[in-house]
């Protein structure tokens, strides 16, 4: 069976206008690769929202597979802003192929 | 390093027309916050589908980060309908920041 | 509490034109059910990309819940192509309902 | 001749192009937001045009008669469909009720296409038929649910949600709303927006039918759930329902265009609004069955055979 | 009479239809890409038309005067708003600054709607008002940030990003770019594209306002953050700002159409460009407040009451 | 003069606006579904128009001659490109073959833009050129694959998939399908849909080229893979291929408009259909190279320099 490596997956729900800021933080933390998925709607403390083009600040889902050290570095960088930017962060262990890439 | 908490992530693939029903069940189970991601296409028992606007019942991905008790409460509520609504449910442990929020 | 089973979740970031190839590999590995989520933009070795309709090869997110044996079979099938197709693969344990389905 | 003419219209040819492309497994596809946008546009356009026409022609008692007849048809046609689906296609009660709801309701795209064809054959239907169509969309859902489940059909909590889905369904609201706007503004104030809603109509309809051809044929290819008996009913039901509609039109003394439109509303089956409502109310029913029958069989049949047939028959039956 | 006329225009009626549909919790909705596409289209269209008009009419010193006045208004109006938001609505400094930025800036859709209405009342505003609008979009953001945070407002790193967001904002670039294109091509070369950008304009505006009605009303329904004092300011601020705009127009000796357009730019509040910039620069401010006030209160107020009022007043105030 | 005229057309100016906005890092962007919808629209429109024109003009032996010549060019031009990519730009065999496939194929947007410009200069190309373009899209892919990999190029399983992708590619199907529809309906039945497909054409093309300007420039900014030698070939290849195309046109005795269109088909490089096919067939080739060369260098070069040049040259070369 093909060899796998344990790395981490970090998912961050982030406001679309703050996406660029977040990816810059990720790069600064050494996370050079990521993907952004669309989010259609949601429900939070501020009530329900739906991306209808106008009238809300829509969310995106930032997703990166990387190693523990870099996840730690990213968390340290964004820690002071998590609350005020309303970031929702989830970290999990994953198994990946091509371990050297992450 | 910043403190993290272990919580749960629940992903549910759900038919778009049943999305509202599902979020009501989540609220009733105490899960007040969630996000909905679009799904583009898929393959299931009923064959392949693709969201082309008409002619299929498209799917959405319900996603919530919350604690074990609330996940349990939600599962209990939806258990009788999982089969007939064709829900696909996946639960994982995740590490989150701001543990009190989830 | 409702009974859950441990299965696996496999996420694969794949170029849109290779999506059909990937789902065929999945079927050949016995993974008959999957979902495809849209990806909006990203950053990789080849720099940044954004799905603007033209001028990039956009990515999709292949997602399947299945069992360990089938995940292994799929990995074996795609192993020789992971590098040249630039697949990003992540595997995790998940808890599911209706264990017999996966 | 007139039938052949209809088949050579660009609208129909684009439908055929879409169907052939999907049959040949081409990767041609229309982005989903464009499909949804075009359908909003078509509904707004026909609603407005209908309203403006009624503003011109004035209210007639016929409007009320035809509305009543249309709603009666929508309530009643599922009964016939249900009987055939149970007896001939051997469907269980649940799925038979679900399918029956679709055949009692209407297909907006079919209506738009028949109106376009009738207008080109100098038999433009009365403007109020748009309102009649909107009224016919939902009664069938109620009959279908009762047939599928009996009285205690829907649990208390979801009943309000279902009623909202059925009565305030986006297409009903947009059609009736645009109809009322057309009524309110009349012909003069309609002028500035008529380039978009009238002049552009047939061309945009071509693009929409290209997509419908693709979608209908792809569904046909994917539809494992479809037995030959169900497929046969997908052809028989529009013929029966259309004949009934034509008979009602004759009883009401409608002109050929208006009568043909009513007949086509009876003959057509919903595949946009009703599937969403039925998925909610009858989650155990198999969407593969009702979507395939209405969209992959009845819809193309109506477009390619029903409409030309009707354009031949209507002037004969309705003096 | 003229006011009533305005309310009976299809553009406004589609807005009302959208608002009613959302109020009744219908599931009617416009796909997000269509909404964005329509807004791009509207900006390109008004930019082009403005440029072509200036190419015809030639540059006048008035153009510079009104541009300067518009930018001054955009810089200054947030001060008044800030004072009222702090004093009357009891908002904290941060949120008051954030909201103030929106009221100093402009709503493109409101401008488009008032231009359409003015043109139909034979008071078409001067072509250069499009450029004035583009210039008014962003100064208010600077004032708003200074009010919210004081001088050290934005950290060094994000300052460039913010300036880029503010100065090279998509809508500013498209409006000014299309304006310059219109200027460069002039009337003759505009002919081949005028069917899309002129003839189609009002019809497509109807579809866009249908969506804005839906969005504004849904936001109103969801807006928990809104106290009655904030809601009241959502009505008072456009009245005050509009009056100030009208006064400036009178001082500059503008014609009724151009003056009314300037007044409506002052009266309107941004809900597309500014929220994105403010989310970036003042992440601690509550989007629920500024979006609800500008989009769910002020925008409908301007469309339904402000525009008809202005069409009555402008000819009286501006000789 | 004529060249300058072309550059002042709104279509080109919107392309420039998009490119400048992207160069300045503005956040202006066109929603992806709108871009895809516009490209579908443009293909349907030119297909229809070409078909209607051929229905008017009748079939001529020229149609067959030019089709054969076009397909020959598509098969052969990759050879020249391959030689230069290997020899001058030092690309490895794989990437050279991949890029060569793009330069043998055609850019639909470039064709549409040159047709528009030629028509405005009273040199409208013959209607059948649309069909020629569709026929030229795919032969180059076969040559490119053979060059990249030699005979055993593609494994059995994926060969059918690739053939399907290449032959039943959405754009080929839509172009030829719409062409046949145009042929079948002729001028009279085209009337009702010509407001959308003819009158609206140039305006919508503006919006599409705005987006292409944004996309081309963003790709140029992101393209790390591009050496100056590759960039130089992005300019040299269209000049060479265009000259070859013009020579073939002269040999065939084509009129200036038709000949110029053939030359531009030769000069242009695909960046929509071919990249998808090549990603499938040559996954090891670097998309950064072929997308950047065709989209970020050759496409803008053809739009801004190639088309004006051709409009000057064609009347001279092709009597």
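General observations
Letters A, B, C, D, E and F name the chains as they come in the text, with residue numbers starting at 1 for each one.
FYI, a contact is a pair of C-beta atoms (placed from the backbone, for glycine too) under 8 Å apart; a residue touches a chain by one contact, two chains touch by 3 or more.
Given the structure is predicted, the values throughout are model-derived calculations rather than measurements.
Common neighbours of chain D and chain E under the contact definition above: F. Distances between chain centres, each the mean of the C-alpha atoms, put F farthest from chain B. Farthest from chain C, judged by the mean position of CA atoms in each chain, is E.
The distance from the centre of chain B to the centre of chain E, with each centre set as the mean of the Cα atoms, comes to 39 Å. Chain A and chain C have Cα centroids lying 19 Å from one another. Taken residue by residue, chain D touches two or more other chains at 29-33, 36, 165, 195, 200, whereas all remaining positions touch fewer.
Of all residues in chain B, those touching 2 or more other chains are 37-38, 92, listed in ascending order.
Contact between chains, per the stated criterion, is found for A-B, A-C, A-E, B-C, B-D, C-F, D-E, D-F, E-F. Within the complex, the chain D residues that touch chain F are 8-10, 13-14, 17, 20-21, 24-34, 120, 195, 199-200, 202-204, 206-207, 210. Against chain B, the residues of chain C that register as touching in their complex are 1-2, 4, 9, 23, 27, 32-38, 60, 65, 92-98. Of all residues in chain B, those touching chain C in their complex are 13, 37-45, 59, 61, 72, 75-76, 79, 82-83, 87-92. The residues of chain E lying in touch with chain F in their complex are 31-33, 36-37, 40-41, 44, 48, 164-165, 168-170, 173-174, 177-178, 181, 184-185, 189-190, 192-197, 200.
Of all residues in chain E, those touching chain A in their complex are 29-30, 32-33, 35-36, 39, 158, 161, 165, 211-212, 214-216, 218-219, 222-225, 271-272, 275-277, 279-280, 283-284, 286-288, 291, 295.
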